[in-house]
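Each of the next two complexes has chain A plus one more chain, namely chain B in the first and chain C in the second.
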Partner chain A sequence: MNPLLKTWGAYVRLSSRWPAIASIVPFIPVLALWWATTALEIFPRVFLPGPAEVVRAFVDLVYKGILPEYLADSVVRLAVGAAWGIALGIPLGVLIGVSRSAHRALWPLLLFFQAIGDIAWLPILVIWFGYGLTTMTFVIVYTVIFPIVLNTVLGVRSIPINMHRAALSLGASRPRVLWEVVLPGALPNIVTGLRNGLGYGWRALIAAEIIVGTSGIGFLMFDARRAGSVVEILLGMVILGTLWYIVDSWILAPVERATGERWGLVTR
Partner chain B sequence: MKSLRVRNLSKTYFDPYAGTKVTAVRDVSLEVAAGEFACIVGPSGCGKTTVLNLVAGFIPATSGEILLDGRPVKGPGPDRGVVFQSFALFPWRTVLDNVAFGPKMRGIGKLEREKIARQYLALAKLSDAAGRYPNELSGGMQQRVGVVRALANEPDVLLMDEPFASVDAQTRMTLQEELTRIWQEKRPTVLFITHDVAEAVFLGNRVIVLSKGQVLEEIAVDLPRPRAWDVLNEDERFKALTGRVLQLVRAA
Partner chain C sequence: MRRRSALTSVLMFLAPFAVLLVLWAALVPYFQVNPRLFPQLGAVVEAAIEAGRDGSLWAHVGASLLRVTVGTALALLLAIPLGMAMGVSPAVSTFLTPLFRFFSVLAGIAWIPIATLWFGYGFGAITFVIFNAVFFIVAYNTLLGVATIPKPLRHAAASLGARRWTMLTEVLLPGALPNIVTGIRTGLGFAWRGLIAAEMIATNVGLGYMLFVARDFYRTEVIVLGMIVIGVLWLLIDRLLLAPLERATIERWGMVQRA
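Let's look at the complex of A and B:
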C-alpha cells in the first residue's frame, strides 16, 4: 500500500508541475489496448492497423504535404465559420436576452430552425451554392450559432436585476449597462456556448467535407475509404480528437479560468 | 447633500393570476432633511422595499411625486445612491474598480477615480482588499464595499434596502457602528429600510413606521452620537424607544 501511495503522490506532484503530463497519461491505457489488440491480430491487420502504422502514415502524409494542406483547409474553414457565428450569435443572443419583444418574435423561429440540423441543409445548399466554401461556411455558421445564441440568452437572463439597478443608480446609461453589466455577466455562458458551438461546428465541418469537400480532414478520411486505406481513416480520427483537445485546453479553458472561475460565477 | 421629499406616493400592481389589483404603497408622504438619517421600519409585506424601489426610480409610481430639493425625479440616477441587501457588487470587477464605477460613469479619468476610490476604501478600512474580487471577500466585507461604492459617487441621497440583513449578527453590529461613524463624518442624507426595530433606532435620527402601505407614525430618536452597542444596550432611553417602536410594528 505504501509504495503505491508514494507513487501516486509523486505523480500528483509531477503533474501539477507539468500539467501536460496529466493530459497525456489518460491516453496511455487506450493506446496500450489498441496496440495489444492489433499485436494479437484479433482483427485482420487491414481492418484495424496498429498505432505504429498510423504514425507511419502520418509521417508519410506530412512528408507529401497533403496533411498540412488539408489540415490548414479544415482549420481555416472552421475559423471563418466560427468567426461569423460569433459575430452574429452574440449580438443576437444579447438582443433576445434583453428585449422581451425580440424574445417573443425570435424565440420560436430559433427553436424551429435549430431543429433542422446542419446536415439537413446540405442537399439544398449544394443546389444553391454548389460544392464549395460557401456551402461549408453556411453549414458551420449554422451549427455554431445556435449554442452561442441560446447560451448567451441564458447568460443575459440570469444576471440578477439588482446588478442592472446598481449600474443605473451609479450613473450608467442603458447602452453603458449593456457593455459594463450584460456582456461581462453573460460571458461565462457565452464561453460555454462557444465551446459547444465550436465542438458541433467541428463535427459539422467533417461531415460537410465528406459530402461536398475537395480537401480537408473529412475529405481525407472519405477519400481513404474509397482507396480502402483504413490507416488513413484512423489517422483522420486521431487528428480530429487531438486538434479539438488542443483548441479546448489551450484556448477555451484558459478563457474560462480567467473569467467565470476567477469571478466566482462558475464553481471550479 | 439634498433633502428628499415624497408626496402622496402610491403603487398599485395588477396581479394577472388573481385578476385583481394589489396596492403595495398607499398615499405615502415623508420627508428626509438634508443630512438626516431616516429609517423606515415595518413588518414584511408592509411595502417598505416598494417605497425604496419607487424612490430609487427602479419601478414607476402609480401616482405621487418624489422631489430632491424640490426638483422632481424620474427613473434611476446617480443622485440617489443605492445599497442592496444582496450587495449587487460586480463580480467581474475588483473591489477598487467596483468603488470607482460611479466616478467612471461620470467620466472621471482613471488616476483620479482610483484616488477617490482609495480614499473611500480607507474610510471603511478596506484598503487591503482593493485588488481582490468580491467573491473572495466575506459577506460583511462585501457589504462594506457596497456602502462605500454608493458613497464614492457622492449621491444627494443614500438609499439602503435592508443592507445588513444577510450578514451574521456580530458582523451586523460592527457594520452598524461603522455606518454611524461614516455618516457622522460625511453627513449624507440617508433613507434606510429595515425590519429590525433595534437597528432602526440605533442608526436613525428618526424612525418612520410603515404599515399596510401607509405611514403609521414617526418617532424622533434624540440619542447622542457616536452610538455604540455596548453603551446603548444599557441605555434606558434606547430601551424605551425600541419598546415603543416594537409595539407599533407588532400592532401594525
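Let's look at the complex of A and C:
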C-alpha cells in the first residue's frame, strides 16, 4: 500500500505543477487495457484491432497525405460554419433580447426550428444544394446558431435594468448603451453559447460527412466502414476525440472562464 | 383570470406559427416553386393524412421512440450508479474526469460506423448509439455532481452518524440530482440527433429512414412532414418531460436563488 500511495502522491504533485499531465496520464490504463484485450484475442481481430495497428494506419494515412487533407477539410468546414453562425447569431440574439416584440414573434419559431435539429435537414438540403460545401456549411451554421442566439438572449435579458437606466441617465445614446452595456453584459453567455454551439456543430459535421460526405474525417470513417476496415474507423474516432478535447479544454473552456471572470459573473 | 392568461400565452406562442403557415400557403404557389424543391402546404397535409391512414407514420414514430426509450433506460441504469461510485472518492474522480470528457465528446454520432460493424444494421446498432450518447454524458455529470457536493455537508451527515447507505440516499444522490438531470437533458439532445443520423444509415424503419428514402424519390412533402414530426416530438419531449424535471429538481434542492 505504501509505495502505491507514494506514487500517487508524486503523481498528484506532478500534475498540479503541469496540469497537462493530468489530462494525459489517465488514458494510459485505457490504452493498456485495449492492448491487452486485443493481444489476448478476446474479440476477433477484425472487429477490434490493437493500438499498434491504429498507429500504423495513422502513419500510413499521413504518409499518403490523405489524413492531413481530410482533417483540413473538416476543420475548414467547421470554421466557416462557425464564423457564419457567430456573425448571424449574435445580432439576432441581441435583437430578440432587446426588443419585446421581436421576442414575441421569433422566440417560438426559434424553439421549434431548434427542435427539428440539424441532421433532419440533410435530405432536403441535398436536394437543394447537392453534395458539397454549401450543404455542410448550412448544416453547421444551422447547428451553431441556435445555442448562440438562445444564450445571447438569456445574457441580454439577465442584465439588471438599473445598468440600462444608469447609462441612459448619464447621457449615453442608444448605440452606446448597446455597445457598452448590453454586449459586454451578455458576453459570458455568448461565449457559453458559442462553446455549446461548436460542440453540437462538431457532431453535426461528422454526421453530415458520414451521410453526404466526399471528404473529411467523418467520410474517412464511413468509407472505412464500407471497406470493413475497423482500424481506420478507430483511427477516425481517436482523432475526433483528441481534436475536440484539445479545442474544448485548451481553447474554449479557458476563454469562457476568462470572460466570466473578467466581467465578474463567477462567484467563487 | 389565471386560466385566461395561460390561454392567451398559448395563443401568443402559436401566433408566429400561424403567420408562417399563411406565408407558406401563399408564397409557394405564388412563385410556382417546383414541388421537387419545396412542397405546398396542401401536399404536406395530404402526405400526413395518407401516412397516418396506412399506418406507416405510426410505425416510423413508434420505432424511433422505442429505440430512444430502450437506449436511454439502459444508459441511465448503468451510468448513475457508476457515476456515483466514482464520484465518492475525490482521487478517483479527478483521475477519471479527463477520460469521461474524452468519451462524452465522442458520444453518439461518431460511433455509428463502428456500431454498424459490430451489431449489423438494425435495432442493435441504433440502440447502441443512443446508449452511448446518454451513458457517457450522464456518468460524467453524475461524477461531477457528486464531486461538487460541499465537503461540510458530507462531514455533517457523517458526524451525525449516517451510515453508508443513508449517506448515499440522503446526501450524495440528492446533491448530485440537479447535475444528473442536466446531464440527461443534454445527453438526450445528442441521442435524438444521433438517432436520426443512425436511422438514415442503418435501418429500414424510423423517422430518419422515412426522410432519407423520401429524398431518393424527391418527395419533398414527405421530407417536410418528417421534419415537422421530428421537431414537434422533440419539443414535446424537451418541454413537457425534461424541462419541468430539470426545473423541479433544481428548485427543490435550492440551487436557484430567486431574486
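The criterion applied here is as follows: the second predicted complex is superposed on the first by the 253 of 268 C-alpha atoms of A that agree within 3 Å, B and C clash if a C-alpha of one lies under 4 Å from a C-alpha of the other, contacts with A are read in each partner's own complex, and residues count from 1 in each chain.
Simple rule for what comes next: a contact is a pair of C-beta atoms (placed from the backbone, for glycine too) under 8 Å apart; a residue touches a chain by one contact, two chains touch by 3 or more.
Since this is a predicted model, take the numbers as computed values, not measurements.
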Practice prompt. Judging by the criteria at the top, classify the pair chain B and chain C on chain A as clash or fit.
Written response: fit
Worksheet entry | Partner chain in contact with A:198 - chain B first, chain C second, else both or neither | neither
Discussion item. Quick test of understanding: once the structures are aligned on A, what is the angle at the Cα centre of chain A formed with chain B and chain C, as a multiple of 10 degrees?
Written reply: 90
Practice prompt. Classify the contacts of A:249 with the two partner chains as first (chain B alone), second (chain C alone), both, or neither.
Written response: second
Worksheet item: So, A:168: does it touch chain B (first), chain C (second), both, or neither?
Response: first
Fill in: Which superposed partner A:181 touches (first chain B, second chain C, both, neither)
first
Worksheet item: Residues of chain A touched: more by chain B or chain C?
Response: C
Practice prompt. Tell me which partner A:224 touches in the superposition: chain B (first), chain C (second), both or neither.
Written response: second
Item to complete: Go through the superposed model and pick first if A:136 touches only chain B, second if only chain C, both, or neither.
Response: neither
Discussion item. Between chain B and chain C, once the two complexes are placed on the common chain, what is the minimum CA to CA distance in Å?
Written reply: 8
Practice prompt. Spell out the residues on chain A that touch chain C in their complex, using ranges where they run on.
Written response: 8, 12, 22-24, 26-27, 30, 47, 104-106, 108-109, 111-113, 115-124, 126-128, 199-200, 203-204, 206-207, 210-211, 218, 221-222, 224-225, 228, 230, 233-234, 236-237, 240-242, 244-245, 248-249
Practice prompt. State the interface residues of chain B toward chain A in the complex, per the touch definition above.
Written response: 56-58, 75-78, 80-82, 84, 86, 88-92, 101-102, 105-106, 133-136, 149-150, 153
Discussion item. Looking at the complex, which residues from chain C come into contact with chain A?
Written reply: 12-17, 19-20, 36-37, 91, 94-99, 101-103, 105-106, 108-114, 116-118, 190, 192-194, 196-197, 200-201, 207-208, 211-212, 214-215, 218, 220, 223-224, 226-228, 230-232, 234-235, 238-239
Practice prompt. Using the touch definition up top, name the residues of chain A that touch chain B in the complex.
Written response: 160, 162-163, 165-173, 176, 180-181, 184-185, 187, 259, 262-265
